[in-house]
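Chains here go by letter, A, B, C and D, matching the order in which they are written, and residues are numbered from 1 within each.
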């Protein structure tokens, strides 16, 4: 079976494994206080054009989300996100387990707008029962979103503008950041992102690392004591250098972006095949996740041959699915899939 | 100004105050282990025809809700409720502060159905990512709901049927229970309620007590160690007898139901006036909360004369409001309001 | 049986009940936004000589403790207290339930010293693993302590000096404050207390109120959004005026202090009887709690006649107990106890 | 500088890295549902002689501790451990952050006894205020302990006997398990351990893995829904196979035990040198951690040459330190250290 169900089916880019081999017997301090982490942090500060940024390396996305959010909020405050936000649906209530409500905003395409956030905030402060309601304090977006869509620079600037206006923090989950930054139509880069949020992370797990997310804290208010929170939430890796080494390899010379571009280009091929065949999309996007609405008859033929993720039934004979490409997806596998799509009888 | 904005603007029924006076200097054990609490619990068991029920007295509704819910759920489990449920919107995230997500179901009239719960549950267990999602384990309803509507016996039985089928707990918030049980069209009584949920409470704060909610636990699984939870959540009143005395007075001879009937009858008069005047309702119900959609022009005339709760703008010139009667609302005050409604120029 | 086991065996001072009667049918806004709460807050500001203080009324002590502490700390921070502190042993882990560790300091008499706090703080910041440990941020003391001892003005000033030096908050639990302020040897008054901590409360439950604790916030940093926290932790009383009325009565003309003096004087009589009889004390103090070490033989004779609290076995034939007087303890009851102590065969 | 400050200064055993290389491009399901995890679980079941055990792989120790503890306890329950327990001092309050108190027992050598647990439990249930206190429900021990000591089979059986008698869970933190099982004087093996606790874990991070702890659940009550908890606490590794591969390599043919024996033997050499030189030990043990009390003069000479962990000042001229060997410590490094100890002027 060829797996298109997610972007973490394989191990890591070979350069990373090679580097882990080379450095294996070196002795370093633990808990991310080694020179590899220092080097990786420095590379990230440079790429973001923000020497003042604090950079921390965590193992996974749920961990990064809950650590950032719980460290920033007081108990009566909540985090605003799309109803489809990963923190709202696919992290087993980890945010609530730290005591905070996720305030969900309607969204068709995984994105939320500056206007929605402003309305929510104003409704809160003008409600006569405001003290009986969770106070919105942080806005969480993912870029690309869980539906593969991306924020334009203008949208991001508008969101951050509203956040600054009302004293809200803007947090960008970049679990698939490379796939967004390399997507057709994208006009955001790392400096733009870093200038338009309070904290974000660069996802490694889904883009060539064994694991790892690099949290970049821009806002001074969110920096203090962050390492205590990493430890408390179980995210402080004893052999922290494993994270530093990986991010150094990914980011020192553009490998991360190359891997993103690779996946996006292959996803484009799949999207084109679907379009040619006349399959509509649940959501249209330009990143590494493709969301075609497929005839069940075709899906039946795929059993045991291609894996994908179910997104939900659309009608009696059609199902929306997700097909992912990744940093390591082979041209050959996509050839097979594309041919199958074009040739299938539906 | 005459207050119709809520049902807790005054103190307590005079019988309660008199009894507090009479018993004031008696020495009793603290923390609800006195004979007044015992007596009140026994009365409640009798009224519910459930000698096996555990009865605990708490000071307020938010406290009762979070104590019951947090004592029943494991960390990965959530509580299902209407999007308009008090725990979802008006308790400052107290449920999340105990670590649990509120899984909100769409609702127009404040009620949720057995079918909605079943669908949510089945979707959860059939989702391939079920372990990445909060597990539904308890269903919370309020009766009457926050919009004054009531569940019929058939609806309640259907809900509890689904809950038992799937191992979910059903919890009924009865902060305004008397107003529901005495409402026109109601076919639920205490024995029916007790037979169709796992835990519920009889609200005193809004029906003649100074404060107090009597939590009735029917399901054996939810009984153990409940008093630890009351203490941990800050709800164990040192002079617990104050609660026992109040509930004994309210429940020993039907006073509670009388007070409920009184408020409902006065609310009926207000509803009739609105209907006669041609004002539609945001939600129609038969309990002590009335939700007319009023011309702004009329509301302007009411300034400083009648208080009410805003429910939201309906259009450019109309606003939905809430008018509450209560156990102590006077016929004279309702006369004035009704005359005003009928006479006003809109 | 005559109860000396605690200071909350009866109801409330008659003036309070009378006032509740008089005001019963008045309509007021809910949730502590009424003029009675305003009046009581103003009286407290005056007594503390701190017009800038924020005053909030909560129902009970555990509720006040957890609300204050959870509102002040970030997740990685803990609260420092005596090993015998109420929050450490007798609140069913309510502080931990809000996510925070209680950092316990050794104490023989219920008090902790400025030196102990300084040592703990310095050890923390000098530990190479400081980020792996809970950060001390707040100091909790009770005055009088759980063992009836009181802090001198000098001790309090030293403690607050250390706290300010290191950026720690000082929180004083005054559940029995009147009994401390009226005790022999006490040199602290409300203005001194208010000038030497960041937040404290004036306990009503144990000094003549039906229930209630008045939280006084002095430090600007701790004031913002406090009412959200009261609501979230279940402490926002719907009929908030009940608290305002009670504290107005207690504090408007010195009743609170009179009640404290009454109990202390009666406790002195019990202490004197114990001393005369040659019974040593577990801890010696001058407030309303007396901790004699009694022959078991005597305690056997007391069965069914006097209630008290066990404090622990001292040797094979002696037990430390607690005898409490209160605002309402009668001279006659103390006569009987004292005669019994002096006359008993041991 | 030669590092003896901890047992996680290097990467992983070369067999592990090799296997990661070999399997790198294989596509597997994520989140630990791959055949490598299945294989590793099966090996562990076999080694423990418990085919019925549930095995889960987590990234680190703090994560494993908080996930196991939070999944097992209800909100009013606490976990009992030595005052020096890792969860009590070095995990930034992660247990409290999940809502639970750590009930600390006195301990000189890092161990706690069956008698201590029984006393604590009986005191709790016999206290008249038991509902006002945290209910002990789980006992946490580490083996080896944080001070390198080990439990004998008899001690373990006694502890588990008390736990079963009173319905407490016994949880064994095996972060350094190999170093315990291979220590001189040890009479516990995996089947004995598995038969004498409810849940334990086999630590990989400190014994040759890049990272990873294998949680083994024996008690049926603790098994249900455990994967939800792993996800909620941020411990579900997307590329879960990385954990399966590592534990398979470590455990398939005894490598894990060999690595443990290696470190213990080298630690013995250091202990012998200290003894020969006349340096006493803070705590004597036979595992990979050595706790000599060293003249400050010697430590001064070590600056920049050997790293170690400070354990605390003993007197004006002596300091207790920790020297760790590990799975990869070289004979040559120990030669240098031992010669230095024997030759140094103190």
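Keep in mind that, in the parts below, a contact is a pair of C-beta atoms (placed from the backbone, for glycine too) under 8 Å apart; a residue touches a chain by one contact, two chains touch by 3 or more.
On a predicted model such as this, the values are computed, not experimentally measured, just so you know.
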item	value
Chain whose Cα centroid lies at the greatest distance from that of chain A	C
A-B or B-C - the one linked by more C-beta pairs in contact	B-C
Computed distance of Cα centres, chain D from chain B, in Å	50
Inter-centroid spacing, chain B versus chain A (mean Cα positions, whole Å)	41
Euclidean distance of C-alpha centroids - chain B vs chain C, Å	34
Shared interface positions of chain A, touching two or more other chains	75-76, 91-93, 97-99, 131-132, 228-229, 231-232, 236
Chain A contact footprint on chain C (complex, rising order)	31, 70-71, 74-76, 98-99, 131-132, 135, 225, 227-229, 231-232, 236
In the complex, chain B residues that touch chain A	75-76, 78, 89-93, 96-102, 128-129, 131-134, 309-310
Residues of chain D defined as touching chain A within the complex	1-3, 6, 8-12, 14, 17, 20-21, 23-30, 59-63, 66-67, 91-94, 97-98, 205-206, 210-211, 228-229, 231-239, 242, 328
